[in-house]
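Same chain, two partners: chain A is paired with chain B first, then with chain C.
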Partner chain A sequence: MLKRFILRALAFLLISSFVVLNAKETIKIGAIVAATGPASFLGDPELKTLQHYVAKINAQGGVNGQQIELIHYDTGANPKKAVTFTKRLINQDEVVAIIGPSTTGETMAIIKFVEKVGIPLMSMAGSVAIIDPVKKYVFKIAATDRMACKKVMQDMNKRNLTNLALISGSGGFGKSMRKQCKEVAPSFGVKIVADETYGKKDSDMTSQLLKIKNNKDVQVVLNPGFGQGPAIVTKNYVQLKIKHPLYQSHGVASKKFIEIAGSAAEGVRVVAPPVVVADKLDDSVAIKKVALAYKNEYEKAFNSQVSSFGGHAYDALHVIVDAIKRANSTEPSKIRDAIEKTQGFEGVDGIVNLSATDHLGLDTETGMIMLEIKNGDWTIVK
Partner chain B sequence: MLKRYNINNQILLLTGILIIIPFFFQNDFYYEIAILSILNALIVIGLNLLMGYAGQVSLGHGAFAGLGAYISVVLTSNYGLNPLLSIFISVVIMGLLAFIISKPILKLKGHYLAMATLGIGIIINIILEVEEEFTGGVDGMSVDSFVVFGYELSDSIDWYILCAVLLVFAIWAFENLIKSPFGRLLRSIHDSEKAADSVGIDVSYYKSIVFVISVVIATIAGSLYAFFSGFISPQEASFTHSIELVVMVVLGGLGRVYGALFGAVILTVLPQLLTSFEDYETMVFGMIIIAVMIFMPKGIVSLFDKVVKKKEQSNASS
Partner chain C sequence: MIELFGYLLSGVTVGFIYTLVGLGFTVIYNSSGIINFSQGEFVMAGGMSTVFLIYAGLPLGVAFVLAILITSMIGIVLYKLISFSRDSSQISLIILTLGFAIFLRGLAQIIFDKQLHTMPSFVGEGAFEIFETTLSYQALLIMVVASAIVISLYLFFQKTKTGQAMVAASNNVDAAKLMGINIKKILILNFAISAVIASIGGILLTPITSTSYEVGIMLGLKGFCAAIIGGLGTPFGAVAGGLLLGILESLVAGYISSEYKDAVAFVVLLAILFFMPGGIFGNLKSQRV
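Our next item is the complex of A and B:
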């Protein structure tokens, strides 16, 4: 009895080791996303996109003949969890590169660890602080809030508006963008004449907007923030009959915003990544093909509206895959070098040209566009 | 089982286990989890003293640990103080703070006490999020490395040794405290405040002493975690963290020192084990907690009691 058991066990071991030895090793890519929790509107489309496209790449034969294995963990937007999962990806799973995290706080928390062991990190978060100053192994894919500010102010310059009132959400997104806008304002000759904020759970912004309305210097209003806040601001804005042009940030660049704000959203200008309106882009826009293909594929696969955030995941994954192909190696340091040499990569977010001094590589022109809401839909402002 | 050996044997056993387990660690990630477990256990030991012995529920201990950690970190990173000195100052400040707030809030009972600590916790969390100049706001701040007497603790093994030593010391101190007149006094308060009061025990004084002790331990453990991970965010002081700590106490076993250890280890390790369930992770986690509470209402350490009882019974019958 025992003898037979041992024999069987040996045979099993032999066969399984044979199988393992013959199978080509997979390329392990880690992902840290906030798929649940307060930032799930970022993490959920990111994770879906990653899983969808990893499966697609594998079905087409993988990278350099090897299959990709995506190892992903959900942080719930908690930096402490992000740190633990980063260590797990590095030490336990031994990944060659990491995509994520979804938020700035989490990214800043883990930079130290990826730098120490030398694993390339492709963050999908927004703040410019991630790549400025440049860190050797840290890259970033999403357009920064600084670029959004610049785009808004360029548009204001075109309309001869200089006196800006800010009304910002107090979450990380609103805070960071408010800071960036204040910093770039002088270079566009923009003067910030009012600076209001509202809390995460506020359900009425009338008092802040009244102050802005009664301020005679104000010519134009910008609302950095995401979630419910901007929709409420937009509604209150119409209720108070404020006549100044209103700008919204890329935090609300999804159809959901138009649905919630309803008719109040008419005429509001929104700075947004191009993928949101991929089907409306000029054919001359270089990234139209990629963005439209992504939009159609995502909407077909998941039966939900595309958001700009999933696009970051698409770009992050493909920049890394492209780098692995060019490096013809799965050595993390070689992948890093290849990522840094990425030139003319056509992503959903724009054309990516990375260099030793620029670990974002998007320019304001292709990375962000200005939209206006007309008849409940986006139109591109030329 | 554990009760039948004297304190020293238990401590020796614990020390032995702490020395042996690193040999099973395959990489740094195991150290990370072990250190996290021990630091959580430290906070929970203090909280257990408050909840299990003095009978006071605190829903703000995550916030106390977070605030204590922030004070240490800000003193070190922004003002260039030595980390040890920073932690010491932080302990003094937090101890004083705990003493001051304990006077009015420990007069409250039951749900009201829980609500008061909850409120303080949330206020602390908001302060940490809003005072960007010092705390870096919601996105948190990075922490300078932990340098003691010219030696920088950077390897996981260094941290593991430091934390293990602290754990052994904390458990030893806890056990002795409980067996001392002070401990008996606490238990008498827990069993009946009125009775304790009637025999001349200054109930509110002893309650606030225990509160201060637990906050000080939380401050130390919280600060060490911040230095170990090299990063801190207001999430540390969040309401969910406070709840997590209370769950650790209850899950492990209220009023049992090793219960605190089990509770902390299990709640730290379990989420890591459950990641393979992906979308169902939280559900499975919740079901395990519910099952433990239904079948082991006195916490996980009560399992050992049952084993001991059965053995005794079989010994007696044979």
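Our next item is the complex of A and C:
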């Protein structure tokens, strides 16, 4: 009886010590992504990228000799779930850093929790509100919609176009970009002369476009939005024979858009992160190597077209890994300090230079480029 | 004036799309008194399976037929679920259809993917020019097919024995049984017909709007509004409701603001429910509710 008890106790001790040892060996990084639901076009490539590259980093020996353990939760783009999962990552899983969430609403909802506990957060969402004003533990990787607006308006300035008509999707993406574009317009001398919207599941935008067509002031049209809406706008635009140049946002910067809009997409200009055309970038562009490697690896691993969103996940993960290496520690506050000192990091999205006053660190020049669709393919507008 | 014409034409195009979806609600309601909230997902299933069959290398025609068959099988599965349900009160059956819709959406995410898909228009990408606006061939095709379906449904319900048996079954199940009508057969047929109409809608829509696993949510809602506004139970009701909804939306987007466009559907729905609870073409059955 006693013997059996001792044996059991020994076994228990052995197992638990093994578990503890094992737990010490991995670096736990949390991820909150919208892998399903209305923002799955963001979260799905993000999660795939994270899983793929965590496995790759581990196969190459991990970070500072430790393996990375990715603990991820799917929010379905619901901010309430994002909050629940953040608490779980902090309290239960005890992660050292969090990547995500995919959308701005979710990010804003969890900021106060990571700030309170002091866990570095690397958001992959678009809005500039996340890092402006700067919060101690909150960083952001993706180019903002404000940058996209600036890039479009720079291009409009080059073509001497000033009177802009907006036709925006009514989803979060369209709304946010519409707001940013209206804010930056005056600094480029751009006048918004029409401001239309459409529901993201609408099947015909002829009414809105007719209104724009009959507005004599309009010189150029911009369509902030993602999903099927912009493709329908583009088709209707051609059917109505509207002659003004049409700009689309980075929300449709994937081959899928050209496929769905078909021949109507010819001549449309799209503001996009460089990864979309990684193979066409000049060799002088510093990030070409990283972007092209990512594009090829993603397309080979998942047999689907690369999108800019997966690139955010690549950058988020590698900035954190890089910081952990430099900090030579898995202490969240030390990782945070190291992240803030990131300089000249070559990511898929651009060169990242972070500082105490800038928690995004991308500039408009490397973060966004202007593309034109010609013969069913992207060409870079110089 | 030309503006107004453009808005009306756009409204009619969208209206016929709503009609195609609304018709499916009508057919199932006509025989079972159930509102089938997975109707929008039937539309999605029709479009998505066609697209993926085409990807698999099948010729267009074969893909259409197979997609329609697949969707009608889904309709029959839904009927089987309903007939297995122990609680046969209408409310619980309606909730069952809602659950089935969510299930189909999830299934589509797994079997297909979460991307948008489209297929070439089978009548060509071109458009007729009418005054300063245009009507694409595909939109015209939708109008023709929707009208043909409406007329054949009307003839079916009014002139054929099977059709009349369906109407009888919905008016009074027990009496219909006593008359020797095989209720089970009638209902299976009905769910299949409704799914077939939905899948035709899904196939016709895809070249215009493209399709994805979640395309059914909004289409289902708008189609439901169209059916209720026109009066459930009559194919002409779905046409009237669909067109009214489409034209109103287009006019609001054109003359007031596109911001309020989507609210129109629901405001009209409420107004109809308050003042004409049976819908525009409301018939006897509405009184039963």
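One rule holds for everything that comes next: the second predicted complex is superposed on the first by the 361 of 382 C-alpha atoms of A that agree within 3 Å, B and C clash if a C-alpha of one lies under 4 Å from a C-alpha of the other, contacts with A are read in each partner's own complex, and residues count from 1 in each chain.
Heads up, the rule we're going with is that a contact is a pair of C-beta atoms (placed from the backbone, for glycine too) under 8 Å apart; a residue touches a chain by one contact, two chains touch by 3 or more.
All figures in this text were calculated on a predicted structure; none of them were measured in a lab.
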### Message
Looking at A:Lys211 after the superposition, I want to know if it touches chain B, chain C, both of them or none. Which is it: first, second, both, neither?
### Response
second
### Query
What is the contact status of A:Thr197 with respect to chain B (first) and chain C (second): first, second, both, or neither?
second
### Message
I'd like to know which partner A:Lys87 touches here: chain B for first, chain C for second, both or neither.
### Response
first
### Task
Please indicate which partner A:Thr36 is in contact with in the superposed arrangement: first for chain B, second for chain C, both, or neither.
both
### Task
Would you check which partner chain A:Ile242 touches, where first means chain B only, second means chain C only, and both and neither mean what they say?
neither
### Task
Examine A:Ala301 and indicate which partner it touches, taking first as chain B and second as chain C; both and neither are also allowed.
neither
### Task
Go through the superposed model and pick first if A:Val285 touches only chain B, second if only chain C, both, or neither.
neither
### Task
Check whether A:Tyr73 is in contact with chain B, with chain C, with both or with neither, and answer first, second, both or neither.
first
### Message
Tell me which touches more residues of chain A here: chain C or chain B.
### Response
C
### Query
After lining up the shared chain so the two structures overlap, which partner does A:Gln228 touch, if you call chain B first and chain C second: first, second, both or neither?
second
### Query
Can you list the residues of chain A that touch chain B in one structure and chain C in the other?
36, 170
## Note on the structure
Listed in rising order, chain A residues that touch chain B in their complex are 36, 73-74, 78-80, 83-84, 87-88, 90-92, 104-105, 108-110, 112-113, 127, 170-172, 175-176
## Note on the structure
The residues of chain C that touch chain A in their complex are 3, 6-7, 9-11, 13-14, 17, 109, 114-118, 125, 127, 133-134, 136, 205, 208-210, 212, 214-215, 217-219, 249-251, 253-254, 258-259, 261-262
### Contacting residues of chain B [partner chain A, same complex]
26-29, 32-33, 36, 130, 132, 137-140, 142, 229-231, 233, 235-236, 272, 275, 281-282
### Message
Looking at the complex, which residues from chain A come into contact with chain C?
### Response
36, 38, 40-41, 44, 170, 196-199, 201-204, 206-208, 210-211, 214, 227-228, 231-232, 235, 239-241, 256, 259-260, 262-263, 304
